[in-house]
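Paired with chain B in one complex and with chain C in the other, chain A is shared by the two complexes that follow.
After this line comes the complex of A and B, so read on.
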């Protein structure tokens, strides 16, 4: 991938009960990347390391071709970050929060911020503690967008929100990406959201990147296959992952569909097979099963 | 960094106002007798204790340091901002005490003892707050605030306690004479030493702050 806005190279973080193992991926300019994984897979740790909120045990993060060692202020000035938890001073008002945060950003757009607040129906005079969870996420997004970031990093922003607000937030992200110079890194365990908006998908399971590709490639190459019991053989089983056995046969997914197709044609098998495109959710479940 | 200082004062507006009102009453009450009461200088320690502890409790409750770390701001500037805000607060506390006493003693005039008491209190408070921030960034706000509460009461009542021990038991506390011997030269030396110490505390705090994570 050339023209990468974000490069993560062999990033490591060790905790007593969890380790992020050599995470590497790249996000090109102008695209949305979805970081998918189950709870506790390491999505938030990866994002916090990218944001330099945690100290890594190794590896490198390069954003806009710069590293944090000498360019922390410059990098953070060009990033819009919305964390998994909306951290604000609860006793202060929305207006105070804007005033405090805006002072740090060179490109702060007060008018745009006000227009976003009106759109989201968030009152500036309200105290943060008076806002609902969804309102706080919207405020977080407005604060992140009003600085006109080149890279927007969102850590599970839609988690725990109702479908109406989730859709509104996804629509905003799609609006943002209309500007081809902007990129979005978006983590979620709700694959439906990622499927709607992402161009690239990265699966992270047990602190390890298990798959990172263009979404269209993943959805085209990964197939869900159901086979009748009498057709199952070890060769086919070896090419499938996340295999679930039941009374009628097996169901699993594969990225080696062409190989399985060859086996079927060699063995002259036409009946008892059901093939469909795998969803991001099914791929996630199968990859998790495989890891376990 | 400047914005951190503004933030500190803006967040603690009510607490500062409350401390000033309470402080005025405290100073006036202590100076209403015929003899000078050198306890008045403790107001500086009191206002710094109340405002800094409340602010740090709020930072902990709201994960304020996590928010500040997401901003385009070098981490050491957060520490400098905090130390500078506290320094300004302590100096203002000293100045406020001075003004109140000055107004109160318009007719009699302000004694040198009273001035040195205020300077000594500013110095003691600088030492106290400097150590508090080291504890905060090393052990977290819970431990730091609890230790500071104990230290605050010891420091606040120490002159009285030492006098009681001295008079009642006729027991010579080491260095007591040096502490109670008030003169302007000693006070200025102590003030300079406390500023240097405060800056050293700031450097140590910067080191600890790198590992201080509440994200």
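After this line comes the complex of A and C, so read on.
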């Protein structure tokens, strides 16, 4: 990927109970990447390191071809960030909050901000403490977008929100990349959201990147396979992960389904094999099981 | 052109888009030279990822249904009806083979199927 907007290289962060282990991935311009992983896998830590909100114990982050050491202000001016929790002055109004935040940014598109608020049905005169969780997230997104960032980074933007609001947020993310110079990185444990709109998917489990690829590649290569008991042997089992056994046989996920297909077609076996599409969720569960 | 995406459809999303576009071209709803929506525009309309539409477009291009001109966008290609017919016949043959295999489990052979087809012909 030559035209990367974000490059993460061997990023490392040590805590007493948890280590982020040499995380590397790249996000090209014009696309959405979803960061998938179970709770506590290191999604937020990764995002905070990318935002330079935490100090790493090694590795590099390169954004717009720049690094934080020499260009922190420029990078932050070109990124829009929506954190896990929306922290505002609770007693102040939405209008006041906009005024307060806009003073820190050179480019502030008031008109666009207002149009986002009316689209999201967030009233400017309301106090922050009168807003629901979903409203606060939408306000956070509107504030992040009002400066037309090239890179939008969101940490679990849709978690804990109802499907109506989730859909509104996903639609906005798709609208952002109508401009092919812009990119979005968002983390979620709701794989359904990622499956719909993400172009690239990065799986993080136990502080490690286990898979980072184009979504279409993942969905093409990884399949769910069910096999009748008498067809199962060690060779086949080695090609599958997340294997579940029951009375009838085994079910698991594989990225070698063409290999498995070949093995059986050489033996002229057609019965007792079922290959179907795997969801990002099923792949996640299998990868987690494999890590344990 | 009408494209609708369903999560309940076992086909992957890119294939749903591809097949429906193909259909619009074959039926003549989209004609040679017609401009197609941009990849990003289509993704935004259908609310699915850009990479999914990209795959649908590139497969349609490889199969000769559409043509992409750099900087101008994608257009419906000049498709040859007899090529399409040959391709479709191949697909139908494949489907009949698996149907015959299924039927054979119940001792229904090809003659029975032919008989059935003839009856259906009479009804039409």
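Simple rule for what comes next: the second predicted complex is superposed on the first by the 292 of 292 C-alpha atoms of A that agree within 3 Å, B and C clash if a C-alpha of one lies under 4 Å from a C-alpha of the other, contacts with A are read in each partner's own complex, and residues count from 1 in each chain.
Heads up, the rule we're going with is that a contact is a pair of C-beta atoms (placed from the backbone, for glycine too) under 8 Å apart; a residue touches a chain by one contact, two chains touch by 3 or more.
Computed from a predicted structure; not experimentally measured.
Novice: Name the contact category of A:219: first (chain B only), second (chain C only), both, or neither.
Specialist: second
Novice: Once the shared chain is lined up, is A:171 touching chain B (first), chain C (second), both, or neither of them?
Specialist: Touch partner of A:171: chain C, not chain B.
Novice: A:30 in the overlay: touching chain B, chain C, both, or neither? Say first, second, both or neither.
Specialist: In the superposition, A:30 touches chain C alone.
Novice: Report for A:203: first if it touches chain B alone, second if chain C alone, otherwise both or neither.
Specialist: neither
Novice: Have a look at where A:180 lands relative to chain B and chain C in the superposition and call it first, second, both or neither.
Specialist: second
Novice: Could you tell me if A:89 is touching chain B, chain C, both of them or neither one (first, second, both, neither)?
Specialist: It touches chain B, and chain C stays clear.
Novice: Would you please give the residues of chain A that touch chain B in one complex and also touch chain C in the other complex?
Specialist: none
Novice: Of all residues in chain A, which touch chain B in the complex?
Specialist: Touching chain B: residues 48, 51-55, 72-77, 81, 83, 85, 87-92, 96, 100-101, 103-105 of chain A.
Novice: Flag every residue of chain A that touches chain C in the complex, lowest number first.
Specialist: It comes out as residues 30-32, 170-171, 174-175, 177-178, 180, 196-200, 214-216, 219-220, 276-277.
Novice: Mind listing the chain B positions that touch chain A in their complex?
Specialist: Going by the criterion above, the answer is residues 3, 7, 10-11, 58, 61-64, 66-67, 69-75, 210-211, 213, 215.
Novice: Tell me, which parts of chain C touch chain A in their complex?
Specialist: Its residues touching chain A are 10, 12, 14, 40-41, 43-44, 47-52, 54-55.
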